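Next, two complexes with subunit A in common: one pairs it with subunit B, the other with subunit C.
And then the complex of A and B:
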């Protein structure tokens, strides 16, 4: 167990270091976020948009920016031909968990940036910030859980870029429908039984997807 | 043996088509004669779900045993499931045009079948994007399982979004079957007939795919 945690940490740090060296994902994703938010800003113009629609727009930007960053996790190992070295140095589960943590950190930074920009440029009104942040975080974890295993699958396929949204959308749809509704309720300041139900679905979705991913990842990873 | 099976499927489905169209049905409020779609639409949806579960089951078997036969079965079930899913969508949509006034109005039932179609589409897209036989089998099995385990969440999510207008005479909340005896007999016969049809075509499809696979092995 101690060995496991150590290897997970090493994989995680390796990804952080290689990311900081190339800054490929960080730079391009920051620009992507900026571009998306500006498009939303210009599309809105001077209109007063209701908070419900803004929630939808927020999740559209989160989904697409996350798919830009998360899809790269395993593809970069294949492109730089480092996957064999990685295979030799750690067990599949350790690699998967390490990558999962790296993706989590990446999307958390990214999404809170999106949220801050979003609040700054639109008049997005969050009535229950604590609930909003917790729902957003739960949604993030679920998003990362499902995306990481899909990213591993597409890294072995031919048309990687186009395949990612195609494969991830049906799998992510239950999560997206739930989390959009929950953030809507939280931003409207409704703290009711309904939002607790949504949180229960989010938690169970995340647990189920992570469990199955950990079980199936060795099949994706082996050659 | 195979011939008897084939002809009995033919007889059962012909009977269903004739009796389903000719025999009078009791007057159901707001449905009327349009309720006849039930004989064809419900078996299609049933088979698309059965095929999906079969495909999932064979995907699990493949990952456990690594025998290519299971992958061929999983793929064949998915292909047939897709066909029946399209048929269920088409019959349902036609019925919706005459009962609800539009072909497509994002009723929860329509949304769920749309997602099922999306999953099938993504599965085929993934399969065509991988060249190596063994790798394709492995990755598509994994994808089928992941997509399969997220499907049950819709059972909890869909009812929260909007009330469905879909009539539910077969499995309703009280758990009783509210159907006229004649209708029930025709419906059950139809369910049997189409399920047998599915199994027969599935058998043909698997044999065909196996032959193709063996031929490709010989050429290689």
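And then the complex of A and C:
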């Protein structure tokens, strides 16, 4: 267990260092976030938009920003032919969990930025901030978990660019429906007991996806 | 330690229904070495990938034994070195960072032994450039770094696929030294068409003879 956690940390730190040097994902994601938020701003103009619609727009921004970056996790290893050295040095589970943590950190930073910009430009009103942040965090963990295994699958395919939305949509649909509804209710100021059902679904979804991913990943990763 | 045996049992590989090689058998014990020969596209690299565990055979299996005990995949991760044209290290990291990263994963130790890593880099002639990012390296220097990578953890099984690629005279003499040294440390397999490599190994596996 100690070795497992140590190797997960080594892989996570390597990915952070690589990303800071190359800005392979960060630059494209930042541009995507700025463009998306700007388009929303121009589209809204001076109109007063209902919070329910803004919640949908927020999750559209989060979903597409995340999909742009998370899909690259394993593609980069395959394209640069570094995956063989990695396969020969660490177990598939260590690699998957290391990449999962990296994606989680990247997505949380990105979504924090999206949320700040979104509130600034849309006057999005969050009446229960603690619950709102909790729901957003749970949704993010589920989104990252599903996206990471999908990224591993598409890294083995020829048409990598087009495959991500096709594969991710059916897998992420239950999560997105639940998290959009829960976010909408949290921003409306409802108390936590009233969205316990949604929270249970989000937790269950994340646990199931991570468990299945850890079981499936060795078959995806090793030819 | 001295009893490692590498066994190929009826290895067969097919791609899209086409047989690359079939029922390939060999048995290498501690101190033995083999060279795999065959024309371009005959499947030498495919066989090396199967031996390393990077890909699976269509039929048959690779076995690694020590004192008649079967070794698992962990053996490959900790005790095998591999140089291959299809195996790259990270361009955005320096040579030393690359070796630290892979050594950390393979060794199971919390702190990497930097002195040992530096001695590997000295051996392959990259010590002076150890803090340069690999993207600034020439193809020959990248090949030398792959050789240093393959020597991490003093491998019992060393696989060299086209090891002389892009190497200068110094690099080639390094390969020859490693090959000679490996015969005293474990098992050596080289995939090549270079006549000079044939002299380094006692056993020859001609992959052309295993096509059906």
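To be clear about the criterion, the second predicted complex is superposed on the first by the 220 of 223 C-alpha atoms of A that agree within 3 Å, B and C clash if a C-alpha of one lies under 4 Å from a C-alpha of the other, contacts with A are read in each partner's own complex, and residues count from 1 in each chain.
Keep this in mind: a contact is a pair of C-beta atoms (placed from the backbone, for glycine too) under 8 Å apart; a residue touches a chain by one contact, two chains touch by 3 or more.
This one's a predicted model, so the numbers in the text were calculated from it and none came from an experiment.
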Subunit B versus subunit C as contact partner of A:85, first or second or both or neither: second
Touched partner set for A:25, first subunit B, second subunit C, both or neither: neither
Which of subunit B and subunit C A:6 touches, first, second, both or neither: second
Which of subunit B and subunit C A:178 touches, first, second, both or neither: first
Which superposed partner A:166 touches (first subunit B, second subunit C, both, neither): first
Subunit C versus subunit B, contacts on subunit A by residue: B
Touched partner set for A:14, first subunit B, second subunit C, both or neither: second
Common interface positions of subunit A, toward subunit B and toward subunit C: 222-223
Contacting residues of subunit A [partner subunit B, same complex]: 146, 149-150, 153-154, 156-159, 163, 166-167, 169-171, 173-174, 177-178, 181, 194, 197-198, 201, 204-205, 208-209, 212-213, 216, 219-220, 222-223
Residues of subunit C touching subunit A in the complex: 52-56, 73, 76-77, 80, 82, 84, 86-93, 97, 101-102, 104-106, 108, 110, 133, 149
Residues of subunit A touching subunit C in the complex: 3, 6-7, 10-11, 14, 17-18, 21-22, 80-82, 84-85, 87-91, 94, 222-223
Residue ranges of subunit B touching subunit A (in the complex, touch as defined): 63, 115, 118-119, 121-122, 125-126, 129-131, 135, 138-139, 141-143, 145-147, 149-150, 153-154, 156-157, 160-161
